[in-house]
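Below, chain A partners chain B and then partners chain C, in two separate complexes.
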Partner chain A sequence: MVMSGVECNFTWATMSRLMKEYRAIRAQKEVALRPSGGESGAGADGDGEDSLRAWTATLEGPADSPYAGASFALDLEVPATYPLAPPVARFRPRAMPHVNVNYETGEICLDILKGEWSPVYNLLYVVQAVQRLLREPNPDSPLNLELGVIMREGDLAAYRGLIRYYIQQQ
Partner chain B sequence: MGYTGITSKILTQKKKFQKLIVFNLLEACQCGICHEFLSVPMMISCGHNYCYRCLKNWFMTNVNKELNCPNCRESVVNEPCLNLMIEQTLASLFEVLKARKKKMFKEEKERADLDELLRERFDDSFYHKNDKNQGTLFDGIFKNSAVAIADADDDGIPRCSNCHWELEPEDMEDENICPHCHARIRNNASSLGNPNSINLNGRPTMMGNRDDYSDGEYDQIVDEIRNYNPSDVDSSGESDSSESVGYGHEDREEEDENKEEHDSDLDSFVVDDDEEEGAGDSVNGAIHLAANQGPVNLSSEEDKDSDFYEHHDSDGFVSGDSLGESDNEAPVIQKRPVILDDEDDDDEDVVSVNQRSKRQRRQLVLSDDE
Partner chain C sequence: MRQFVATTVTEEHNTGDPAQGRSAGNAAGNTAHRETRSEFQSLYGALGPQDPALVALLTALLPESLREQWSEKQGDGCSQEFIDSLPRVAAHKLAPDELCAVCFEHFRDDEHPLVVQLPRCRHRFDLQCIAVWLAANRTCPVCRDNVCDHQDRLKDLDTSQAELQEDWGMYG
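Entry: the complex of A and B
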C-alpha cells in the first residue's frame, strides 16, 4: 500500500504515460498486473497520482518448471524519473526461491531492470520478463548462491527438490 | 499503379480499411518514450524517431554510459537530425484538428486537453530551436564527447577519438569514459575491442560472430579487411561499392607484408623520423596538427581536415576526428504547412495545404462524416 500524504513528484509526462499503460493493462487479461491500492484506488480519471506509483503482479509458476502450481506476488515501484529509469521490481522477502532472486530480500537480478533498461519498455514488459526468468534461470549471475551452485553442478533433482521444499515451507 | 492510382484507390475504399490505414499511420507517429505524438521528431542513424525532449533526457540520464537507441540499442555516434517529414505531417494533422475543433471535440474538457497538447508542442519546438540557435543541441553532448575507434593498422585497439588514448575494456566496464581526457565515449568500446568484431571508419566493416561463418571463412574476411589499403582504391572515388567490394588482397600480398612491418614500428603517438622525411609536406602538416591537438577540441579543426585524414589513412595514424563531425550540417530551412480554412461550409471543408512551395500546392478535400 502507498502511504497517503506522500507528496507526489511525477511529472506530467510520467503521469500521462502511466495512465496510458494503466488503460492498456486493464484491457488485457493475460497478466494480472494491478495498482497496489486496488481498482478503487486508481481513479478512472487519474486524479489519484500516488495510486500509480506502486503496482502488484501475480505470477503463476510455469507448468514445466519447479514453480508449477504456486503463485508469487511481484511488487513494482515506479520512480519519479520513469520511463527514463526502470521500475524497481522485487518479490516479497523469503517467498521466491530462484537462482537470480535474493531469497531474504526478494531482490531480482535481471539486466533490463538495471543497466540494460530502455524507456521503450513498460511495466507489462517487465512482468513478462520476470515471468520468463522463472522458466529460464540464469546461473551466471546468481543472487541465491545455494541454488546457483547446485544448478551449475547440473544436479537437477536436487535443484527441483530444494525449490519445492522452499515453496512448501510457506 | 503508382502513387496516384493507389491513393485514389484508398480514398474510395470502405471506411473500415481507411480507418486501419489511418490507425497505422498515426501509430507510426508515436514516440516510444512518452507514447505521445512525436514532438520535434529526431531521427537516429538507425532510423528510429523520438521527441527531441525525450531523446535529450534519455541521453542525459546515465551520463557515464554510451549513447544508444532505446529501441534497437545501436550506438548513437552521430547527432540525430530533425525528421522534417514527420514534423510536417503532424503539423498539418494538428492544423486540421484545430480547424475542426468544435465539431470533433464536443466536451469542454476535450478542447482544453487539445489546447494543452498544442501548447506543449509549441513549447517543445521553441525549446529545440533555442537549443539549436545556441549550439547546445542535446546539451552539447555530441561536441563534448568522443568515439571509440579501432584501426586495423593499429592492431584493432580501440582508442579515444579525442586524445588517442587506448581504451581498455576493463576500464570501461563501470563508466564509458576515456580514462585519459575524461570525455564520454558515445559508442561501446568493449564491443570494438572484441576480437570477433572489427569496425573501421570508412572501410569495410564487419560486426559479427565467428560462429556465423563457416571454418576459415571468417579468418579470410578478417584478412581481407586487415589488408585493405585505401590508397589502392581511387582516392577521389567516394562510392561505397568500390570501397566495400573492390579489394582483392592476393595481388598485393608482398606489398602489404612490407607495409605491415613498417606500420608495427609506428605508434600513433610517435612520429618516426624516416616517416617524416619520406612523406610529403602535406602529410607532415597533418602529423604536426595531430600532435599539437589539445585534448578537448574536436569541432574547430575537424571541418577542414576530416577529408584529409580519410584519404591519408595509410600512414598508420589513427584518424579519429573524421568520426566526430557534426557541425557541417547546412541549416535546415523549415517551412511549416499553412492551412487556409474555407468559409464554414457544412458539407465539406476545403483545406489547402502548402507543403513545400507554392508550386506543390494541392487541394485536400475532406468529406464530412455527417
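Entry: the complex of A and C
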C-alpha cells in the first residue's frame, strides 16, 4: 500500500484536488501541514506533482494531555487513487507513545484512515482527527498494548508517567 | 471479504499474546460476537444479498450496535446497472457555488456538467466521481446513507417522466 519511492502518477483529477487542498491548507493558520519537500515547486502549475505526494504535519501536544510541551511529526502519504483511498498517515518510528499508535512503526489505528474513509475528508481533516486522538485515546483498539493495559486498569498516574518517560527518552 | 472491515481492524492488533491486554470476560464476549457474525454471514451468503425481505429480517435480528456496521459493510459496491440508473440533475438546477464533494470542483465550472443525485439523501456528485466510489462502496460519501438500499426502489421509478418534468422547467 505504501508508495514510498515507487513511481505513482496522479491522475488529473487527483492532482487538481490536491492543488485545491494545497491552497486551502496555505490559507489557514491552525494546522501546521506542509509538503514534505518544502514549498518550492508546489505552487507552480503542472510540475508540483512530486511535492504533493508526501506531506508532513507538526502536531503540538494538547495542553490538557500528557503530550503537553512536546511536538510530533506526522507524515502523510497520498496514494495514486486519492481521494477514493485515504492518505497513509503515520508518526515517525519510536516517537509517539500512544494507545492507538504502534510505537515501533508509528502506524496509527484510526477508523477514518481505514474502513471509514470517505472522499469528503481531506488531508487537513485527517491531521485534525489525529490531533483529536492525542486528546482522546481509545483503549478499545490498542496498538500499544502496554499503554492499553494501564489505561484500562484506570491507573492514570502510571499512564501519564509512562508517556512522559517515553517522550523524555527522545 | 470486506463486510467486516471494522472487526478485522480491531482483531489484527492482537499480534502478540492474545491474553495480553484483554480480560478473560472480554475475550469470551468477543468470541461469542464473532460466532454470531459468521453465522449471519453464511446464512446471508447462501440466500443471496438481493432478497430485500431477507435483509430486512436479518437486520431486525441484529443488535442495534451491529446493525449499522452490517448494513454499511455488506458487499463490495453497487451494481453498474444501479449507478447508470441514478437520476441526472439538469444544469440549471445547480447552484453557482455547489460543488462535488469528491473532486471539490464547482459543478458549474464545467460547461456541460454531468451531475447525478443519490435517491434518498439527495446528495449530488459528478457522475464520473460517484461512479468510481460506488463501484467499490455502498454508502454516500457525505452522509454514509446506504445508497444501495434503494436499488430496487429506483428500478420501479419511472425516471423518463422525471426528466420530462425537469425539461418543462426550462421553458416555464
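What we mean here is this: the second predicted complex is superposed on the first by the 159 of 170 C-alpha atoms of A that agree within 3 Å, B and C clash if a C-alpha of one lies under 4 Å from a C-alpha of the other, contacts with A are read in each partner's own complex, and residues count from 1 in each chain.
Here, a contact is a pair of C-beta atoms (placed from the backbone, for glycine too) under 8 Å apart; a residue touches a chain by one contact, two chains touch by 3 or more.
Since this is a predicted model, take the numbers as computed values, not measurements.
Novice: Following superposition onto chain A, is the placement of chain B relative to chain C best described as a clash or a fit?
Specialist: With chain A as the common anchor, chain B and chain C collide in the superposed model.
Novice: Counting only touches as set out at the top, which of chain B and chain C does A:Pro86 meet: first, second, both, neither?
Specialist: neither
Novice: In the overlaid three-chain picture, which partner chain does A:Gly148 touch, first (chain B) or second (chain C), both, or neither?
Specialist: In the superposed model, A:Gly148 contacts chain C only, not chain B.
Novice: After superposition on the shared chain, which partner residues are touched by A:Gly37: those of chain B (first), chain C (second), both, or neither?
Specialist: In the superposition, A:Gly37 touches no partner, neither chain B nor chain C.
Novice: Applying the document's definition of touch, where does A:Asp140 land relative to chain B and chain C: first, second, both, or neither?
Specialist: second
Novice: What is the contact status of A:Asp111 with respect to chain B (first) and chain C (second): first, second, both, or neither?
Specialist: second
Novice: Kindly classify A:Pro66 by the partners it touches after superposition: chain B alone (first), chain C alone (second), both, or neither?
Specialist: It touches nothing on chain B or chain C.
Novice: Which one hits more chain A residues, chain B or chain C?
Specialist: Larger number of chain A residues touched: C.
Novice: Give me the intersection of chain A's contacts with chain B and its contacts with chain C, in residue numbers.
Specialist: Residues 13, 16-17, 20, 83-84, 115, 118-120, which sit in both footprints.
Novice: Would you mind writing out the residues of chain C in touch with chain A in their complex?
Specialist: Residues 2, 5-6, 9-10, 13, 16, 20-21, 23, 73, 101-105, 129, 132-133, 136, 139, 141-142, 144 of chain C touch chain A in their complex.
Novice: Show which residues of chain A lie in contact with chain B when the two form their complex.
Specialist: 13, 16-17, 20, 81, 83-85, 115, 118-120
Novice: Going by the contact rule set out above, which residues of chain A touch chain C in the complex?
Specialist: Result: residues 13, 16-17, 20-21, 83-84, 109, 111, 114-116, 118-120, 140-143, 145, 148-149, 152 of chain A touch chain C.
Novice: Considering only the defined contacts, which chain B positions touch chain A in the complex?
Specialist: 32-36, 54, 57-58, 61-62, 65, 68, 70-71, 73
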